[in-house]
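Pasting in a structure now, in structure tokens, and then I'll have a few things to ask.
Per-chain numbering from 1; labels A, B and C assigned in written order.
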Amino acid sequence: MVSPRAVAAEVLVVGGGMAGTIAALAAREAGARVVLVRRAPGATALSSGAVGVAPDPFALPGEPLRAARGPLEAARRLARLRPDHPYAVLGDRLEALPDALAFATRALAPLLAPPLERPRFLATSFGTAVPAALCQRSQAAGDLLAVGGALVVAGLAGHLGLDAALVAASLERYRARGGPPTFAVEVDAGLGELGLLRPHELARRLEQPGAAEALGAAIRAALPAGAGAVLVAPVLGLRPEAQVPERVAGAAGIAVAELLADVPSMPGVRLQAALEAALAAAGVEVVQGAIQGATGPGAPIAAGATEITAARWVLATGRFVGGGIARRGTLREPALGLPVQAAEGREAGVDLAARPAASLTGAARVGPQPLLSAGLRVDARLRPLDARGRPAAEGLHAAGAVVGGHEHASDGTGLGVAILTGYLAGRAAARPGGGE
Amino acid sequence: MATRAGALSYLAWRALVAHPLRRLFRRRGTGLERFRAAYVAEGLGPTTPEDRAVGEAASACVACGLCELGCELAGAVPAVRALGLHAAFRLYSRSAAGLPLAAAALEACAGCAGCDALCPTGVPIARIVRHLRAKALAGRDPPVREG
Amino acid sequence: MDYDVIILGGGVNGTGTARDCAMRGLRVLLLEKADFGVGASGNSSGMIHGGIRYMLSDRHVTALACRDSGYIQRIAPHLLFRIPFLMPFTSRAEGATLRDRAAWYATEVYVGTYDLFQPLKHGKPSTRLSAEELYRLEPGLRPGLRGAVTLDEWGIDAFRLCALNALSARAHGAELRTWTAGREILAEGGRVRGVRFRDALTGEEGEARAPVVFNATGAWSPALARRSGAAVPMRPGKGVHLTLDRRYSNYGVILSAVDGRQMFVMPHEDESIVGTTDDDYYGDPDDVEATNDEVEYLVEGAASLLPGVRNARITRAWCGLRTTIYAYGPNEDALSREHQLHDGAAFGRAGLLSLVGGKLASYRAQSQEVTDRILALLGRAPVPCRTHEEPLPGGDEVPDPAALARAHPVAAPIAARLVYRHGGRAREILRLLEEDPRLGLVLCRDEGILAAEVVHCVRHEQVRRLQDLRRRCRLAVGACAGLDCARVAAQLAGRELGWSPEQVRAELADLLDAGWRERRPILDGAQLVQEELVRGAHAAAGAPW
């Protein structure tokens, strides 16, 4: 047994996804010495790589393109409807949302496209439009309201992963609401047998010299007249420095964007890589490993062969995928044993955490599911609360999906909540006693 | 009712006469030996505590595919590559009876353990693949082994 | 008359009878309100057993059941898998009492007597195991057991059994309509004359005429009979099963639930299942879901002998309604599992036959009996039954998966799943890869579903809705809950069936809904993690929400 390496810091962030990274960067910017512990890439790497902040609750479901309100206004409206959503719990601090989004955009500058006043409407591989407050540069040109001319969905010959004709036909329905006319083409980029390649293998193949250019040339040859932008499967490289989207677009002579897709989505993987790069650039020490023997801020904590002591912690351990919340018969928070709220209704919600699964879910799959939005109860300063509704520990903050009351699948707020709560929790942890 | 009485008296005859005689004259080997002879050759062997521990660990996999980014599967033929060794260890580990068929795929693993650090749910992938490979190779009929 | 016989219900009795009738030259129409096997058949324990419990009443019934189990192996050899069962001996007292020993000996004799019939179904003889031997075969059993006897039975994919009978019936000229409900049985002058039906997908309504109507709609038949002025007495019982994500053991374990009822944990294909509950059910048969207490009842029962089951990953809870013969008084377990054929003549519906009860394992013999009755009702000369001789589709050979993997660009474990589900037709499916190599894409790496298999099922196995693929090739029923497969399968099916984008989305939503209903009561541990991932992935990619 090697004796552990001891590290002291002012702020310890547990969790290396979007919330943890933004918290660490925010604390670092505020001048604190920060250590971040992460077990593995989590739900952020498994996201579509675009950031939804809030849906517009007053837009009709069939008319997503009408939901043109900016992120803050949409979040305010959501907060009014959902008193247990973190946006509501934060109270006035919700107003920091634009600052938080700007901070994240700066921190992830090479990857993310500058935000607009309104959300971008990005097409998915299911042929639907999803609003995104922030997105990657490789996704921005697909904004359905910004395409000048026709939108061309390009499928790769020899690969079944994307049915371009179906996506294009599906996107046609947005035309009446300001969307572009859509066409499908199939391009053969001459990259050899693609049929059995997994998405990351396609992405790596496109990074090779000449491959992105060949795809671009094939797109250019297939373009119909009047095309304004091209959508392709989200496989345009794994490493941003390989510049695959830029090379494809250059050779195609037209704006090229990636669709949003299900897991494993390469833009999600790139987003996670960008978070790690930002941490390194900001001088945040990253310790790999699962935490053990946590009792709370101030006491030493073990992670791998490192022992970390910090007076203030940000818990950004995610929800079920990240391991921040677990359920074996009853819901619990494994790191510190904090109470978990499983349903809307504040105090009552904590009592519900031990209820059986079917009692915490609705029969209809669609819509909010208390079990899936379970998480810590926090106050407006993101301090986790104990069973009596008081801050559970001095110097402890929580951010991201470990905080309950929201679920990305049913309210579309996942990474938006992560950025806002990460930003606020990181600053609060860096400056104890206010001054946020 | 007559058939039921007949059935019960038949069973009584079995219990008092036929079965004791069968036990006396027709038993070869212990119960365990006869059970093993009947089933192990069909791939229906016992599940050891180690198998079960590996199975429980593999059950934490949520098939996200992130581990594949760290897996080169260098030696595998395209169909095995397409299946993805690490995303398929769940398939391979689900039923011991099918394990011999997966031997070639399991052997394609270079043992680099690049997958472990990528798993969001903390599945000890390399350890599982090692266990399955050892089991698959042990179950393989020696004369069939190539090379 | 349009048809000789109209069969209502696409469960194992409906499809089995359709096959037999068609093979004997009758003009057959089968109407199924949803898809083949959706009711009690597909949601049964999936066993082709030899009727061991009938030895208590009439051992000739056991002999017949064992012979029929042998027939099913003959006609669908690819679809069966052997399940060795352990029946552990428990005793309440510290040391085994004389009474315990007598009970164990009785069990041994009983199973030993069953051995006499095992050769009829290619079963292996039972053995008696000492406690030490038992723990070597199943170290996960709780301490304190005194030994066991073993028992050999067969399991089957019951959904595919129904589909194969339907496909065979179709090949012999029967007309089968899924997603088409028989709304009313029409009668005239004391005789049935046909059925009014409605196609749920197209809205088409129509009437089909036939002098004989066979009502095999299981738990739905009382309501159908009532609408048609007849009565079918039965006591529907709800049976819930849990699925574990892997083979917990290669051996089934027979054990007692908290209330003393017999239950089991047993391997089923690459999974294990825990079953079953049996409770009277008076609700809507279209709206039946497993409840929290049923799930906990099963877990507690299983964990009483196999404590480790509490750590296993439960992937879904599913249920069906058995149609036991009506009796007032006995508790659910004591109800007869035999079958009855009701004649509608008493209600002025001569020519209407209704089946109540029966077992999956005896479906072929039941179908033969019903077909004999139908021929008699039609006044036809007897025609010999051949359903025990002619293989079901794909049952004529069981290709070697390793050889298939050498001949085609497919991994051997995938070929094995393909052969299990499709027998000799696995060759046809793999030939699709020669024309279109893209179809070699593995859609589900949990169940081993090839894109080619989806295309084959859609083209040849009467798939009308995406959720039908849950039953044809286990699409989106495994642990990963449709994460990889759902979208691409929807695209493939949509392309084959000419669906509009709206239809593709609606079918996808319907498929995901079906999975959610089965997972909702069991979400815990890793399966809850999976649910978060699946919901997030589908929402992020704009799946129908």
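For the reader, a short list of remarks on this structure follows.
Everything below uses one rule, namely that contacts are C-beta pairs under 8 Å (C-beta built on N, C-alpha and C of every residue); 3 or more make two chains touch, one makes a residue touch a chain.
These numbers come from a predicted model, not from an experiment.
The most centrally placed chain, judged by C-alpha centroids, is C. Summarising the inter-chain layout, the chain whose CA centre lies farthest from the centre of subunit B is A.
Of the two chain pairs examined here, B-C and A-B, the one linked by more C-beta pairs in contact is B-C. Annotation: 39 Å between the Cα-based centres of subunit A and subunit B. Subunit B and subunit C have centres, each the mean of its CA atoms, that are 24 Å apart.
The residues of subunit A that reach two or more other chains are 43, 46, 193, 196, 263, 321, listed in rising order. Shared interface positions of subunit C, i.e. residues touching 2 or more other chains, are given as 409, 440-441, 483, 529, 533.
Residue positions of subunit B touching 2 or more other chains: 62, 64-65, 78-79, 82, 84, 121. Taken in their complex, subunit A has these residues touching subunit B: 39-43, 45-46, 193, 196-198, 200-201, 238, 263-264, 269, 288, 290, 321-323. If you check the complex, the residues on subunit B that touch subunit A are 62, 64-66, 68-69, 78-79, 81-82, 84, 117-122. Residues 3-4, 6-8, 10-11, 14-15, 19, 22, 30-32, 34-35, 38-39, 42-49, 52, 55-56, 58-65, 78-80, 82-84, 87-88, 90-98, 101-102, 104-105, 121 of subunit B touch subunit C in their complex.
Residues 55-59, 82, 84, 105-106, 108-110, 112-113, 124-125, 127-130, 133, 136-140, 150, 152, 245-251, 267, 269-271, 308, 311-313, 401-402, 405, 409-416, 440-442, 445-448, 479-480, 483-484, 526, 529-530, 533 of subunit C are the ones that touch subunit B when the two sit in their complex. Considering their complex, residues 43, 46-48, 50, 123-130, 158-161, 163, 166, 169-170, 172-173, 193, 195-196, 260-263, 265, 319-321, 326-329, 356-359, 361, 363-366, 371-372, 407-410, 412, 414 of subunit A touch subunit C.
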